[in-house]
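As written, the chain order gives the labels A, B, C and D, with residue 1 at the start of each chain.
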Amino acid sequence: MNNIKDMIARRVALELKDGDVVNLGIGLPTLVANYVPKGINVFFQSENGLINLGPKPEAGEEDPDLTNAGGQPVTILPGGAFFDSALSFSIIRGHHVDLTVLGSLQVDEKGNIANWIIPNKMVPGMGGAMDLLVGAKKVIVAMSHTNKGKPKILKKCSLPLTAKGEVDMIFTEMGVMEITPYGIRLIEINPQYTISEIQEKTEAELIIAKDLKKMELIHEI
Amino acid sequence: MKLININAFKSFFQDGMSIMVGGFMVVGTSEPLIDALVETKVKDLTIICNDAGYPNKGVGKLIENNQVKKLIASHIGLNPTAGKMMANGRLEVELIPQGTLVERIRAGGAGLGGFLTPTGIGTIVEEGKQKMRVDDKEYLLEKPLKADVALIRGSKVDQYGNVIYHATTRNFNPMMAMACNHTFVWPEQIVDTLDPNYIMTPHIFVDYIVKEND
Amino acid sequence: MKLININAFKSFFQDGMSIMVGGFMVVGTSEPLIDALVETKVKDLTIICNDAGYPNKGVGKLIENNQVKKLIASHIGLNPTAGKMMANGRLEVELIPQGTLVERIRAGGAGLGGFLTPTGIGTIVEEGKQKMRVDDKEYLLEKPLKADVALIRGSKVDQYGNVIYHATTRNFNPMMAMACNHTFVWPEQIVDTLDPNYIMTPHIFVDYIVKEND
Amino acid sequence: MNNIKDMIARRVALELKDGDVVNLGIGLPTLVANYVPKGINVFFQSENGLINLGPKPEAGEEDPDLTNAGGQPVTILPGGAFFDSALSFSIIRGHHVDLTVLGSLQVDEKGNIANWIIPNKMVPGMGGAMDLLVGAKKVIVAMSHTNKGKPKILKKCSLPLTAKGEVDMIFTEMGVMEITPYGIRLIEINPQYTISEIQEKTEAELIIAKDLKKMELIHEI
């Protein structure tokens, strides 16, 4: 695997269950589609209005009318369907999306997430993220563990929230964590790091799972 | 007959109008209608669109041309001009979660007084909004959104004004067509008739079909 | 694969379930699924349907067969049996304005906490409901409606479970498919594939495609 | 014209304006479609999910999948479209219907209407009537002036209302009335009756229009 993003995406892909409806955020989360495990059939939804999102088209085969939520040319797989934004967000808010994977600026120990605005600096807007966070049955944050060495997993988010208490799991290059009522529990660790190294890069106090596992990084596709 | 040309279309606009523009990252946005609107030089517009487009595409053209007073959208991330103009106070931007935005437009067209959504609870989206608890869950009351004009892009439009959208060009277009006093559609293709089973925007929502000047 | 036969379908039902049945005066109602439900003899059902059908058609069959405890519908006028059973207390009937009924089902499927409608203001439909004033107009707060099971009739269904409805058979079917935990579709015709542009109920809302026993 | 219902329907048809979206209730109102004036093009909507409702099909041409809101076989005219009930009622409640014509049991001088229930006697349900009454831009009641000699146009409806203050005009075999803030104004009279005969069959006190006209009954189709 050629970099951290791919590594994280590979591990997240192991969370996919057969038949899942999945919405992947822009950036790192998009890479998860490249690593769907063998024998697992999932349906990718794109909030701009399609289900059964396929890979990028071959060069020269692009249809300007057919893109993903980032405006990039995509394909639609057999069995797919197009729909309008009202139905697309009915799917999202009506709990018909089993899993969403999103990047983030900050996550905290209450499962709060901040990923849509840095006041007076970067104001891209929330797009569909707030809807996905409250609507998806399971929310995974997939991101680098720190931002230039500064922790992104906090006791309390300092940036304006995208949603309150909606994050279920966090996947970084250092490990896999789940949000529990008692705080953030480290359940898998990348053997390249020690627990104390991870804690050092994490503002929130980590609960270490009794059965802490080695992070599963590689699987056959 | 609903067919008018670009010149007639241009004569319709006035400063200060509110305009909904279909499209998602300009996919499903009618560039010819935007170009015509740029030529009118009308200003102080309120534009309602999923996003700010790109600097030289979609509603981004209107923003670059200083015709927009206020933009109501779900994100502006791919248009740095919009971000800069927002920062220096030359463009008012109201950011709304995408699902809430499309549902508010639908409510406007459907005659609803509003709806309750959990989206935005615990965030600054709450500000100024009524919070309600229904069956032990918290919701925000979101109000309907309407506008003077809708600019729609149809992939196939029949002579009656019925519209079919191709692939992901549908997005906000059908809801916007319902939520505005005057709906203009730009047809990528005009056909005689469409199968009544597959029409996505019935003709009663379309006031004008716009075509090139002769 | 989502394909099951009538026997497997029948084994799914239990007393006391809530079931949404698509159709409008039985147009768009799947009679084979109703017949199978009659054969199961499950009882104390809550049926949500636009209307009561006719005495020997649609949900009327379930009512005649004393399987229905409560009917939630917009009218029962063409089923005198339902009227009589309601009068003598053998059938509980909750009447809801048709637009409110379909919008409540949509809200159930779309994850909304409710919506505001002027329909029913000043009538007995108001009873027990919260009244709200928004921008100087009065509305009723109507809550979402969900159920255990949806029985849907598709004119064309592909192997993935995507559905197209023909003519006026569409009515409540698409919204009900979204608002229930388990959605069964009866296909009038099974086809290999459908054009993704014209699908009316995407496969993710369909749990089972039911066919005749072998 | 062969009976009272047809006569009323003929007169109501004169209210149709070119381009109107019109929803006709079951019974008498349905007959209005038979008398659309020459040169006027209107679009009939049926709340079960279509626009451009056409006449009954020829015998043998019926499509069981294509009916009106009464469940009767109909046709769809060129330019028509089918849709689901959610869109159908968005059309109705979103003020996209220009005119609805409904029958009634009672109407009163405040524009209140009662036509969906006679408690302990007849409980057919409101169907789409409540939505049509609040949603249509113009509401016309078309009905016989009395029920077996008993007034149906009242000071105050005694039956449970279908909608409050939504009726704009009333058309009966005796005349044409409009609801005003001051009460019910008789604006056209069927010359077969005198004003006092009409008042006698009307519980509400009628305001007689200064320019009271003869009811226009006949027009070319």
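Quick note on the criterion: contacts are C-beta pairs under 8 Å (C-beta built on N, C-alpha and C of every residue); 3 or more make two chains touch, one makes a residue touch a chain.
All figures in this text were calculated on a predicted structure; none of them were measured in a lab.
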| item | value |
| --- | --- |
| Topological distance between chain A and chain D, in contact steps | 2 |
| Which of A-C and A-B has more C-beta pairs touching across its chains | A-B |
| Greatest separation from chain A - chain, by CA centre | D |
| Whole-Å separation of chain centres (CA-atom averages), chain A against chain C | 35 |
| Centroid spacing, where centroids are CA-atom means, of chain C and chain D in whole angstrom | 29 |
| Whole-Å separation of chain centres (CA-atom averages), chain B against chain C | 33 |
| Chain B residues counted as touching two or more neighbouring chains | 103, 106, 110-112, 117-118, 165-167, 196-197 |
| Of all residues in chain D, the ones touching two or more other chains | 50, 76, 82-83, 89, 92-93, 134-135 |
| Touching chain combinations (by label order) | A-B, A-C, B-C, B-D, C-D |
| For the chain D and chain C complex, residues of the former touching the latter | 46-50, 63-67, 69-71, 76, 82-86, 88-89, 92-93, 112, 120, 122-131, 134-135, 160-165 |
| Residue ranges of chain A in contact with chain C within the complex | 21, 43, 45, 50-52, 76, 78-83, 87, 89-96, 134-135 |
| Residues of chain C that touch chain D when the two form their complex | 24-28, 50-51, 73-78, 83, 86-87, 93, 95, 97-100, 102-103, 106, 117-125, 155, 165-175, 200 |
| Chain D-touching residues of chain B, taken from the complex the two chains share | 106, 108-112, 158-160, 162, 178, 193, 196-197, 199, 202-205 |
| Of all residues in chain C, those that touch chain B in their complex | 103, 107, 110-118, 132, 134-135, 137, 139, 141, 143, 164-167, 196-198 |
